[in-house]
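Have a look at these structures, which come just after this line.
The following pair of complexes shares a single chain, chain A, combined with chain B in the former and chain C in the latter.
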Partner chain A sequence: MTQVLQQIALVSGKDLRIEARSRQTLGLVVVLGVLIVVVLGLGLGPQQVASGMAATAVLWVAYLFCGVLCFEKTMAVERHDGALAGLMLAPIDRGVIYAGKLLSNLVLMVMLALVVTPVAIVLFGFDLSAAPLGFAAIMAGGFVGFAAIGTLFAAAVSSTRLQGGLLAIVIFPVSLPLVIVSTQMMMRLFGEGEPLGGTGLAVLIAFDAVYLVVSWLVFELILEP
Partner chain B sequence: MTAMTSDTVLTTTDAALDTAGLAVQIRGLSKRYDERWVLSDINLSIPTGSYLTLLGANGAGKSTLLHTLAMLNPATSGELMLFGKSANRPSPGLRARIGVIGHQPMLYRDLSVMENLVFFGKLYGVSRPAQRAAELLERVGLADRASSMVKTFSRGMIQRLSIARALMHAPDLMLADEPFSGLDVPSVQAVSELLRELHADGKTVILTNHDVRQSLELAQRVVVLRCGSVVCDRQARHTNPDEVTREVIGS
Partner chain C sequence: MKTVDNKIMITYWLATTILFAASIVLVFAWTPVEQTMGVVQKIFYLHLPVAINTFLACLVSFIASVGYLWQRRQVWDDLAVSSAKMAVLLCGIVLLTGMIWGHSAWGVWWTWSPRLTFSLVLWLLYVAYLVIRPSIESRERRALVSAVYGVVAFLDVPLVYLSVKLMPDIHPSSIALSTEMKLTLLACMVPVTLLSVGLIALRFRLQRVESLNSETSSEPAPPTGVRGSFGGLA
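== the complex of A and B ==
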């Protein structure tokens, strides 16, 4: 078990080292995320913005589009110079490659959220102080499921010529349940002042578990050098 | 199997062939992509410590066969044994005994030479990967470029680094897919010398190549593939290059 965790950390650490050096993915997605929030904020107008509740939906739009870019970029690293074949030749389980890429994507998503979320809070006047931990828990639940399927589909799509466009088309519908559940939970938490119930989180965690298990199992079948 | 001559070595449809001492044993292996058969009923036995070249025109199935041996592409039918163990369901143990030099270097451009080698070394569970990487860089003539980014390298340097990557875990079987492709003369000599050294160390070397004369000089044995089938399997020594060329082009 320790060896598997070390291998996962190795794959993910390599991705993050490459990202830290090239800054290709994070630089791009942060700018895109901020732009989405600002443009939608301006588009919705002062009335919607003043309510503050539009912020959660706008944030999800930003996370969805930026997430797709993250997943695509982290997989593209493996496609350059046949590096993925090098990984597949190694005596490691395919699940290790999946988990490593998933971890890299989650780290990038969290870093994105750390920049984009404050922008939305300021722009929309969203009062996060009512339940900061609840907000973090809901977003974390959403991110895990979203990154789970995103990592899987990015690997599948990376072997095709369609790439970016196709990736968004396949990920968005599948991630819809996560978006609906987490947005509803946010509405209840911040709009109606209800405490974060166990049922809502349980549903979110159940979605995450299904996405994770299915993606882990399917990843081996779709991975091509 | 067709076109066998008296020079033919180890024709391998013999089911009773002893698997001991064989690095590779292939029985009735076929591979299909969609509706097209790219490998058809391949039978080969390759003893441990052999140096074999797969020859053939473009599309003959050389790279597909090499990928199948590397367990990157599963065969559609047939049996593949590596070191006496079934490779139809690849195990980490078998993967750890194989090194592959591909068309592409399988390296990360934004990592340094040393970072690449240490990464792959750790994946293979190599103890002291940095020390092993330093040894190999010395061997491939890149010791002074350990901290350089791979993206700054020429094609020849990348190929030598690719060999170092493939050697990190000291594999028993080295598979090289057209390792001389696109290299200048000094790089070809350097790479062929490295492969020769590997063979001298008792490792099994299988490579694909287009150059018949070069293959006959380097390898002990040449196997010609045409349209996915083995059409010629001979000892390299005393074999006429023109004869092998005729087998390659099918005239």
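== the complex of A and C ==
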């Protein structure tokens, strides 16, 4: 068990080290995220913005687009110099590669969220103080499921010309339940002041569990140098 | 063999047409007009059977996708894409008939109620399936990515269903039906199902011809019907 965790940390550490040295993904997605928030803020106009509830929807739009970019980039680093073939030849389970990639994606997304979320909160006058932990829990549940599915499909399409916008077409429809659940829960949590509902959390956890298991199972089949 | 095939086809489509005509007669001549909604309620006899057939088409696509992941035979991919195409068509009909009905019953074309959102997401899921396919050049890669997506999309369906339940609802979960209405509904199920199965089969046959054709033209002719390799790095 500790060996598996060590291997996951190795794969993910490698990705994050590349990212720390090149800073090509995070710089890009943070700017894109802020831009999306600003564009939607301008588009919605002062009245909708003042309600505060638009912030969760805007945040999801930013996370979805930036997330797709993150997933694509973490797989793209393997495309040069036959890196993926090297990774596949390493004496580790393919599931470990998946878990490592997933972890790198999650770290990137959390770092993105740490910048973009405050921007949206400030620009949209969203009052987080009512339930900051609830907000974090919903977002965490959403991120795990989204990254689980994103990591899988980024790997599936990495050797094809299906990239960028088209990867979004694959990931967005599948992620819609996450968006529905989390926005509904946010509306109840912040709009009506209800405590965090068990049903919503259960759906989030079910989503995460289903996609983690399915991705773990089929990742081996779709990895191709 | 060819003539027997043709005979079966002709009989099948003739039966479907006759049953369709008969059920339309039943819908308009036999069943009573619903008291509150009026004649528009009759769209229900198409709406519900088509909705059920949408799920059947999705199920076939899922089974075929699992089949492809398991055996890596092109025939499974052909079946998966044929039924996914049918699922998009049927789900489109469900959305359109539902919108017409909703416009007359609720006064709006669209409302974000659970069932409507569910159908829309389902439609989008399978539209995406069809849209991504042409973007992948390699036939085996395309079949593989599609199969993974087919499995994931179908597993997404219950999750969409659970998630939309959190939304406020105005869609009826059950309707009180008179005996005539129930029987007519059952009668409508038969031709709609026959039509769906028939169209999937037709599309599947065409898809088979297409893929056998591209197999023989693009590759140094592996004999048809032989399994794709399990090995390699795929």
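One rule holds in what follows: the second predicted complex is superposed on the first by the 225 of 225 C-alpha atoms of A that agree within 3 Å, B and C clash if a C-alpha of one lies under 4 Å from a C-alpha of the other, contacts with A are read in each partner's own complex, and residues count from 1 in each chain.
The definition used in the following text is that a contact is a pair of C-beta atoms (placed from the backbone, for glycine too) under 8 Å apart; a residue touches a chain by one contact, two chains touch by 3 or more.
Bear in mind the structure is a predicted one, so any value in this text is a computation, not a measurement.
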Partner chain in contact with A:V77 - chain B first, chain C second, else both or neither: first
Touch count on chain A, higher of chain B and chain C: C
Contacts of A:R17 with chain B and chain C, given as first, second, both or neither: first
First, second, both or neither for A:I222, with chain B first and chain C second: second
Contacts of A:V181 with chain B and chain C, given as first, second, both or neither: second
Which of chain B and chain C A:P132 touches, first, second, both or neither: neither
Partner chain(s) touched by A:T199 [first = chain B, second = chain C, both, neither]: second
Touching partner for A:G86 - first (chain B), second (chain C), both, neither: first
First (chain B), second (chain C), both or neither touched by A:V210: second
Chain B and chain C footprints on chain A, overlapping residues: 85, 88, 225
Touch list for chain B against partner chain A, complex: 67, 70-73, 92-93, 95-96, 98, 100, 102-111, 115, 119-120, 122-125, 165
Contacting residues of chain A [partner chain C, same complex]: 85, 88, 149, 152-153, 156-157, 159-162, 166, 169-170, 172-174, 176-178, 180-181, 184-185, 197, 199-200, 203, 206-207, 210-211, 214, 218, 221-225
Complex interface listing, chain A residues touching chain B: 3, 7, 10, 14, 17-18, 21-22, 77, 80-83, 85-93, 225
Footprint of chain A on chain C - complex, ascending: 69, 117, 121, 124-125, 127-128, 131-132, 135-138, 141, 144-145, 148-149, 151-153, 155-156, 159-160, 162-167, 233-234
